[in-house]
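Consider the two complexes below, in which chain A is the common component and chain B and chain C are the respective partners.
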Partner chain A sequence: MRGPVQATIRRTLWVTLLLAACAVAASAQEDVRCLSCHGKPGFKKTLPSGKVLELFVDPTSIRLSVHKDKHCVDCHADVSEVPHPSTPQKVNCRRCHYNGNTAGAPQLEKYVEFEQSVHGKALAAGNTKAPTCQDCHGDHFILPGSEVRSQVYRTHIPQVCGRCHLEIFGQYEASVHGKAMLKGNPDAPVCTSCHGEHNIRQAKDQASTVSAGQVANTCAHCHSKVVIMEKYGVKAEQVATYNESFHGIANEFGVLTAANCASCHTAHDILPASDPRSSVNPANIPKTCGKCHPGANANFANGRIHINAKDKSAGIVYWVALGFKILTLSTLAGLFIHIGLDLFRKAKDRKKHGGRGGAAHSENKP
Partner chain B sequence: MTEKGSVGTVERMTTAQRVVHLVLMVAILMLVISGLALAYHEQGWAHAIIALMGGLGGRNIVHKTGAILLVLVFIYHVVATNVSANHQRNALASVPKPSDLKAGWTAFVWRMTGKGEPPKYGHYTPMQKCQYWLIFLGCLLMGLSGAVLWSPRVSLGIFPKSFYDIMLVVHSSEAQFAFVILLVWHLWDVHMAGGNFPMNPAWLTGRMREDLYKSQHLGEWESMQKGTGE
Partner chain C sequence: MSAEQLKSAWTDQDTRALAETLADAVARAIESEAPENMTDDQARRLRSALSSALAREAVLDTRRAVRRFFEEESNKERRAVKEQVKADKEADSVERLSLHIRLQHMVLFSSCILLIVTGLPIKFHDAAISAFLIDIMGGPGVTRILHRIGAIALTFIGVYHIYYCMVFKEGRKTFDLLIPRLQDARDAFHQIGYYLGIKKDRPLFGRFSYIEKFDYWAVYWGMVVMITSGYILWFKDWTINAFGKYVFDIGREAHSDEALLATLAIVIWHFYNVHFNPHKFPGSLTWLNGKITMEEFKEEHPLEYEEWEAAQEKGGES
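Then we have the complex of A and B:
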C-alpha cells in the first residue's frame, strides 16, 4: 500500500521542481522581455501632466546591486502583461523585507524601527510625501551603506535627506559639522549620526536621540572623546562641565525645559563662538539666553559658560576652589592632629592611673 | 549663669541660646542635606534624597527654607548680641585674645609631653572660639553668595556672569568647608572630647556636669569659685 503513496510524493516533488525551474526560466525570460523596452537608453513616458518619467533601467545596475539574483517581476509583482494595461504600482519592499521572510532578505530590527519612526508613521497615516525605502536607498542600484557608491553611504546622507529637508540641509552645510563633512572629514557627523537611521523620531518624542532629555548624550558620543575633540581645538570636558552646571543637573533630573546643548548651540546652525553668526558668539549671547531668561542682558555674555573649576583657565574660580580646598584639607589635618593628641594624652593618663582614666577627661588631672 | 545646679550641674546654655542652637541646627541640616545632594547629584544617595524631597523643585524649597531660617537666626543673634547684656557677655567671652594662643600652646605642650599645667580655659576654649568665628564668617559668606545665587534672573541683571560664577564656587566650597568643621570638629568636641561621651547635654538641658565643666573650663571655674565665695 505504501508504493503508490511514495510514487505520488515523488511525482509531486518532481512537478514542483519542474515548475520552479520553469518559473526561474520564465523570470529570466521576463527580464529579457522587460528589457526589450526598459533596456533602451532614453526610454521614457510623458504623463498628461507634462511630467516625464524616465523608464530606462540599466540592467548592469541590478547585476551590481545587492539584488543581483532578483528578476524584474520579483519586485514588480503586479506586472504580467506587456504592454501594461495599467500603470504598475510602486514596488513594495515589504514583500521580502520583513522579519521571518524566506526570500533571503536580511532579518533586521530596522523594519520594525521604521514603522515606529516619524517617516513610517507619516507613511502609515497616508502622507504621500513620506519617504519609502526607495527614497533613501534608491531603486535598482541598491548597495549596503558601507559601500562608497551606495546612496546611503555616510557622505551621501546629507544630500539624500536634503532632497526633502531643504532648509535644514542649507543650515547644516554652512555649519561647522557640514563644512567638515564636505571636506571629507570622517569625524564629521551627518544627519543619521544624531537622528538615527530607520528609527528617526521627532525631537519632541522622548524616545528620540535628539529629544531634550537625550540630545546631550547624543552630542557626547563624539564631544566627550578627547581623541576626536583635540583635533579641532574643542574641549572634551564641555560635556562634563555641562553635566555639572545647573542646566545639566536639571536635565539629569528630568527637567526638560532646562537648556541642553542645542538650546544654546542650535541643532543645525552650529558654528564656532568666534563666528559672528554663531548663537554663542558673545554678541548673540543675550539673545540666545533670552529665549529662556527673558530680559537677559550683556551681563550674561560677561563671563564663561562651560567652567571647569579644576582647570586654571577658569581664572578666579579656579583659585577660589583651590584656596578652599587647601583651607579645608589643612583644617582637617589640624583637627586630626588635635584629636590625635587628645587621644594620646588620654591613653597616657589611663596608663599612669591604671585601668580607667576616669570618666572625667585627662585635663581634669589635678 | 554661674548658678550651681541641684545635682552638681552648672548652667552652660540659656533657654534662648538653646532655641537658637536648635533652629541653627535644623537650618544647617536642611541646607547641608539638600545642598550636598545637589553638589553630588550624580550619586545614587543624592538621587534618593532629591526624590524624597519631591524632585529638584522640592529640593529648592527645602534649601531656600533652610536659608531663610539661617538668615533669621543669624540676624537675631547679631541683634541680640548688641541689645542684651547677657548676650554681650557671651560675645565678649568669644572674642579671640592673645592669651588664647598662649593657652593653646600650653595645651599642646601638655598633651605632647605631659609637662606643665593643663590649660585653664575660660567660658569658651580657643577651639570653640575658632569654631564660632568660622561658622559666623561662614554664615555671612554663605548668606551673601546664596543671595546672589537665589535668582539668576535678578542677580545677572546686576552682576556679570563671571561674578555669579565666583559666588557659585564660593558657595559650594565654603559649604563643604563648613560641613567638615561641623562634622569633624564640633561633633568631636561635644560628643567625644573632654569626657563628654556620649554627649554634652547642654544643648538640651542647658546644664553640664560640674566635674566636666571644671575640667573643660578650669579658668572660668576658678573665677566662679572666687566670685561665689565657695
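Then we have the complex of A and C:
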C-alpha cells in the first residue's frame, strides 16, 4: 500500500529532478547556441591573409577536461549575443586563476611565477609571439600534467616546447636524454626538468636554474642520485668531482666565466663520451677545451676530467694522494710524539727540582 | 746605601728632629723682622708661638716629603736594575744568525704566509671561513694575483738560497753543516732516550741540531714540491699541451696535499720549537736581530759554543 508519506517523498524527488534538469538545460541551452555553429565539424573561416582558422569545437573535449562544469561564456565572457558581431578576445585565464579567487580555481604561485619568467616578460613587453597559458596547456581539452592525455604530460612537453623552439627540439631529440625519453624512460629529463615550468628564465639570468652558477645543482637533481645513475653506468659523483675541481671552486666563489657542466657537455646536445659526435668524445676534447683554453691539443684528453683522488679509477693521482696521506700522517705522528716526549720530560724535571725544569739543563753544561 | 736600607734605618725621631730644626731655623730667620711697635717680650712670645705652630706643621710635611723621597728613590733603583739586566743580556748575547740569513728567512716566511692565506681557502672551499677570507681580500680575482705574487717571492728566495749556498763563503759553510749525518740519527735516539729517562744527559748539539736540520730539509722538500707543482698549475695550458692532462692532475694533488703538510708542519713543529716550547714562550727575537743569549747558546748548541769560544780566544791572541 502506498502511504501519504511515500507519496510526498516521491513528489519532492520529482520536483528536484525536474529543477535540476531545467538548470542543466538552461546552461546547456547557452552552449547549444554556441555549438549550433561551432559544433559543426569543418566550421572554419578564411582570413584575408589566406590563413584558414579552424573554428570547430568538439563539445566532448570540454566535458572531459578539468573545466567540464564550465560553459562557453564563462571563459569567452565578451560574447553576449549569437552570432557575435566581432572576433572575441583571446581568453584570459587570470579571470579565475589568481591568488584569492574563492570560486575554486587552483591557487598556486605558478601564475605569479609566469609573469617573472622569460615568456611572461616578453608577453608583457608586447611580443605577440610570446606564449600564453593556452599555448602550452591547450584551450578546450585542458588536463592536469599528471594525466597521460594532457598536453603538458612530461612525455609531451618536448613537442610542446618544440613548436616554437624547433632547433633545440632537434638537438634534444638526438641527445642521450631525448633518446631515452622517446623510448619512454621515466628517468629521462624533459625541457621542464632543467628549465622549470612557469618560472623559465634565460640562462644569463642568475636566478635561472640553468644559469652558470646554478646549472651544476640542477644536473645534480638526477646525476648525484646513485639509484638513478647506476642504471646507466654513469658515476653519481660527477657533480661532486666538478665541485672539487678548479672550475667548480671558481664557480662557487662567483667566477661565472669558469666552465660549468654545460660548457663542456653542451646544454641540449648531450651525448655519451663514447659517441664520436659528443663534445666530450676524446677526439673532440681539444675543440671543447679550446673554447676557453686557446691552443688546446690532444693532450687535454690524456687524463681524466672528473677526478676523485680517493678512488683507484683516478690512476696515478690516486697513488700520489695516498702517498701524501701516508707521508702527512706519519710525519705529524712523529712530530707529535717528539713534542709530547719533550713536554713529558720537562714536566718531570719541574716536579723533581721544583724549578722551571732548567735545573736538568745545567747538568750537562760543557 | 740602597733606598731600602735607608728607609728601614730611618725613624720617626729623625723626622721629628728634622722638622724641629726646620721650624727653629724659620723662627730664627724672622727674629730680626719683628714689628717695631712691639715690646721685646711681645716679640719673643710671638716668635715662640710661631715656632711651635711651625714645628707641628713641619712634622706632617716632613713625613710626607720623606715618604715620597724613599718611594722615588726605590723606583729609580728598580728601573736601573732592569736596564742593567737588559744591558747585561744584550752584552752577553752573540749574533748567531747573520743579516743575510735573517733576510732570507723573512722573505721566506712573508711569502709563505701570503701563499697560505690565499691558497688554503681554495683547498677548504666548503668552509665558511674560506669564503670570508677570500671576500675580505677582495674576491677570487685578487687572491689569485696575491697568490702569484707570493709564488714569485718564494721562487726568488728558493733560487737565491741555492745561489747563496754556492757562492757565499757563509752559505757554503752553513749548507755543509746542514747536511744530515749519522751523528744526527744518534742524537735523535739519544734525545729520545733522555726524554724517557734512559739517558742521564742530553746530546750535545753543534751549530744545527737534528731538529733544525729536519726543519731545513722539510722546507727544502716543500719548496721543490710546491714550486714545481705550482708552476704546472699556473701555466696549465702549456703543461697540459706538453705532457697531458694527468700531469696537471698530479700537480694539483701534490700542490694541495703538500700545502697542508707544510702548513701543519710549520704550525705544529716550527712554532712549538721556537714559540710555544715552555722555554721559549712567547717567542724570541732571534729572527729579527739574529741574537742568542750566552745561556741559550751554551745550552742548545754546546759544540758550536766551544768552537766559538776557541775562535774568540784565538782572535784575542792574534
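Here, the second predicted complex is superposed on the first by the 303 of 366 C-alpha atoms of A that agree within 3 Å, B and C clash if a C-alpha of one lies under 4 Å from a C-alpha of the other, contacts with A are read in each partner's own complex, and residues count from 1 in each chain.
In this text, contacts are C-beta pairs under 8 Å (C-beta built on N, C-alpha and C of every residue); 3 or more make two chains touch, one makes a residue touch a chain.
Nothing here was measured: the structure is a model prediction, and the numbers come from that model.
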First, second, both or neither for A:Gly303, with chain B first and chain C second: both
First (chain B), second (chain C), both or neither touched by A:Thr331: both
Chain B versus chain C as contact partner of A:Glu109, first or second or both or neither: neither
Which superposed partner A:Lys348 touches (first chain B, second chain C, both, neither): both
Partner chain in contact with A:His293 - chain B first, chain C second, else both or neither: both
First (chain B), second (chain C), both or neither touched by A:Glu230: neither
Touching both chain C and chain B, counted on chain A across the two superposed complexes: 246, 249-250, 252-255, 293-297, 299-305, 307, 309, 315-317, 320-321, 324-325, 327-328, 331-332, 335-336, 338-339, 341-342, 344-345, 348, 358, 361, 363-365
Touching residues on chain C, where the partner in the complex is chain A: 122, 125, 131, 134, 139-141, 192, 194-197, 200-202, 204, 236-237, 240-250, 252-254, 257-258, 260-261, 264-265, 268-269, 272, 277-279, 298-299, 302-303, 305-306
Interface residues, chain A side, partner chain C - complex: 246, 249-250, 252-255, 293-297, 299-305, 307, 309, 314-317, 320-321, 324-325, 327-328, 331-332, 335-336, 338-339, 341-346, 348, 356-358, 361, 363-366
Of all residues in chain B, those that touch chain A in their complex: 38, 41-42, 50, 55-56, 108, 110-112, 114, 118-119, 127, 152-153, 156-166, 168-170, 173-174, 176-177, 180-181, 184-185, 188, 192-195, 211-212, 214-216, 218
Contact footprint of chain B on chain A as seen in their complex: 243, 246, 249-250, 252-255, 293-297, 299-305, 307, 309, 315-317, 320-321, 323-325, 327-328, 331-332, 335-336, 338-339, 341-342, 344-345, 348, 358-365
